[in-house]
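What follows is a pair of complexes built around chain A, which joins chain B in one and chain C in the other.
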Partner chain A sequence: MLYDKWWKILAVILFIYILFFGILIPLKPGILNVSPSRFNAGDQVSVKVEGYNSFFLKEAELWRAFIKIDSIHSLQAYEINVISDTELSSKFNIPANLPSNLNLLSASFILDHPKSGAMLIPSKIILSQDSINLASAESSWLNKTKLKLHYRSSFEFPYRNILYETIRNTFYHVSLWFAMFIFFGFSVYHSIKFLKHHKIEDDLKSNALVNTGILFGILGLLTGSLWARFTWDTWWTKDIKLNMSALTMLIYIAYIVLRASIQDIDKKRRISSAYNIFALVAVIPLIFVLPRLTDSLHPGNGGNPAFGSDDMDNVLRMVFYPSVIAFTLIGLWIASLKYRLDYCSLKIEDIDE
Partner chain B sequence: MKLLSFIILSLLSLPLFAQNNMNDYMRQTGKIYVVFGVILIIFIGIVIFLIRLERKIKKLENKINHE
Partner chain C sequence: MNWHHQVAALIRRDFLFEWRNLYQIGAILGFMLGVSYIFYFYSGEISARSWSLAYWVSLLFLSFFSGGKIFESDLGECRYYSFQLINPFIHFISKSIFVIIELYIYSIMLWLVFWFLLPFKIQFGFQWLALLFICISTIGLIISFASYISMSATGKQILISILSLPIVFPILGMGFVIGMQLIEPNINFNFIKSIYPLLGIQFFCMALLIFIIPLIWKS
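After this line comes the complex of A and B, so read on.
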């Protein structure tokens, strides 16, 4: 397995595939901005909508705009004027009362078209009212028919409001972490084998895999930090998943330090294999269980695993699954090179004696 | 050397092309292909490095197996 070439060539081909499609597939049309976005009940307002990757001019008469408070309360625009492919103005008559006991309410803005699909900018519109009259509000806001929004099925990535184009990082940043876990799991397999049969190759393999895993983990931290800088406006936050992944790196760097600190070779191999097993057992609840118990900005936490309909999409999956395989194979190549190098150095020492 | 500085300087001038939207920064009139090309070049460089390492190790292994 280590010396065959086929999986290495597959790794390179898959990598070029995910680079090409990951960078060049366009985003679905979406709403960049709506302005103004603060309205008083009873106003007649004209909302200017800026689109991204949109073609408002195509079949312009079929556009519909909605201000949506929740699934049963929404308001349709009575007039839509398309200014250009990316600019559109919609006019609303906001009723005199809002369906709520509060004076301030947030609503989403939706644009819908049979070809372009539905575009949503969540919670952007702020509505205020001076007096509360639920009865009259219900009669004006309650949906008389279903909105019947369209879905654009095309070979395009989903448009998400905070991410915009950086959704492409899913294939590069997330795959690094998946690959890292595969390496750590595989290395524990070799550590267990080593502790059972005491074959030096197993210890060398598990060491090579841990080192590659640490490399990918550090790359994951760096890429995640850069991604956060441009979407969350900070290089690091006190988010639990980030802290736990930094902790994982520290745990595995301790493995390297442990290995370097013991002089007796047999003892070194056995103790570091045992530590490796403990490390994986410790890391699994830290990274998979704890972040799901709390709310977090990081996708995949706050109760739901990642890759639900908010984080993953079928077109994304088409590039994401190959990217996990590509990163895993490249990492296995790097690990196998390190293993073979260590094995050769060991053999040379034996021959020299 | 000239080609390298040309590439670096043209990448550095990309911010000048940014319009009102920071969000479609790269995705305009073909600049996204530059990003793809850059990353592809980096990746091919890494692959070439790995292939060289692989050849050196194979030579070492053959030497050891023949002794």
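After this line comes the complex of A and C, so read on.
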């Protein structure tokens, strides 16, 4: 009995694991905000830093702060005052000239600590200058030794600006889409088998898998929309991947409509199986090709990396990959229940006839 | 009779039937004039974006009107000939080619009607015709497939729209974007490079249909 059910038990264990660790593992410390963020060259400024999950009071004297323009130009704060665990102020003497031909320049703000590691808020600082003098700027901004920052090695999720705590949605939103494609792939396998051997069981399996895939796709859209509301400040955007995903759902909803509108059972099975193959192949350019040809907010599209070190670290992977397996197994369980229900209905109809 | 002779004969037959039903061509022409007149009357100063959008949306409806019923028309008087005597694959190929040619003619007619009522200079006429052909041939294939599989279903017209619209949508979108570039070209615009994805989708559809269609009737 256990032999048949091991994968269901595994699905439940993995699901509990992703719920538990996905929610309880904290984020690494990060910078929530710096203010003010706009300075003129030659100013003496005090920058107030707001931290997230930070412990500024621990070994407060070891904190260092930098304004970083590029890999070789940066400026270190000459004084740091820690106010609380989440607040500190840093003082900078901005040199009279900037190392650029431009009058306006964006720079990143970095905090570094031997134990807490480096925290960065990219392109937050805006620097301006009235006159350009590259020679003078080079001497005051140039780092003769490479900026040495500390890395915090801990069992924590990465802190990403804009995403914050919603980075945990990766385990649900992305995994749901992964699982959906696995179901659609399996359903095509069963459709091809049905078209070759005409076994009703294959058609029922294919139908159950498509229905489960649609359910997961809709959940993926909903979790994506919720994520977009938090990170992009809107429930829906014109982002190509988002809209192509919605089209994917429409293509598969058309499969359900097609099945419902053909009365002849044999024709229904044959035609819907053929459409199922067509649907999956039509979806591939929509989801995997077109978004790569144009700008997209999604990682992995429009030149953004996917699953690179910027988006995912090893701690995230420890929860993400099990979540893909968990959702796939749970979906297969749902599909197997749907298949058995349809099969029983079919047998009852046969007995009635 | 070779297969290509059969295909040519079937296309000829379809054009003959179309020609005999002149009221259908009249209705399509009426639709084109009506739609472009509405745009002419209500749009005022029209931008390249609005022109391109109006054109492609009109073309979408035109495709559904003219391509949606191609197999249904054979269910009447030619049923025995079309569904018993000839190879279904040849039947499908001939219908697809017919739809593509018919839609291409209609798309050029629509362009002329738009040019008459909503004059907008397209900088690269030849590229525009090539773009139309690539988009129309993909749309024609998809509509033929949707029409073929919904032949035996109830509520055919709605089903054809439901089946083909989500797949046609990105093709129209790409046609719209590239079309806009042909009206108001960008310095970095490269026509050949921009039509690669469209060509890819087109060959993809063709290959897929060659594989799928025999699976539907082979039983």
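Here, the second predicted complex is superposed on the first by the 348 of 353 C-alpha atoms of A that agree within 3 Å, B and C clash if a C-alpha of one lies under 4 Å from a C-alpha of the other, contacts with A are read in each partner's own complex, and residues count from 1 in each chain.
Operating definition for what follows: a contact is a pair of C-beta atoms (placed from the backbone, for glycine too) under 8 Å apart; a residue touches a chain by one contact, two chains touch by 3 or more.
These numbers come from a predicted model, not from an experiment.
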Which partner reaches more residues of chain A (counting touched residues only), chain B or chain C: C
Partner chain in contact with A:Tyr164 - chain B first, chain C second, else both or neither: first
Which superposed partner A:Arg270 touches (first chain B, second chain C, both, neither): second
First (chain B), second (chain C), both or neither touched by A:Ala282: second
First, second, both or neither for A:Val45, with chain B first and chain C second: neither
Partner chain(s) touched by A:Leu250 [first = chain B, second = chain C, both, neither]: second
Partner chain(s) touched by A:His198 [first = chain B, second = chain C, both, neither]: second
Chain B versus chain C as contact partner of A:Ile218, first or second or both or neither: neither
Touching both chain C and chain B, counted on chain A across the two superposed complexes: none
Chain B contact footprint on chain A (complex, rising order): 12, 15-16, 19-20, 23-24, 26, 32, 52-53, 164-165, 333-334, 337, 340-341, 344, 347-348, 351
Contact set on chain C toward chain A in their complex: 145, 149-150, 152-155, 159, 162-163, 165-167, 169-170, 197, 200-201, 204-205, 208-209, 211-213, 215-216, 218-219
Partner chain C, residues of chain A touching it in the complex: 195, 198, 244, 247-248, 250-251, 253-254, 257-258, 261-264, 266-267, 270-271, 273-275, 277-278, 281-282, 285-286, 289-290, 293
Residue numbers on chain B that touch chain A, as the complex places them: 21, 23-27, 32-33, 35-36, 39-40, 43, 47, 50, 53-54, 57, 60-61, 64, 67
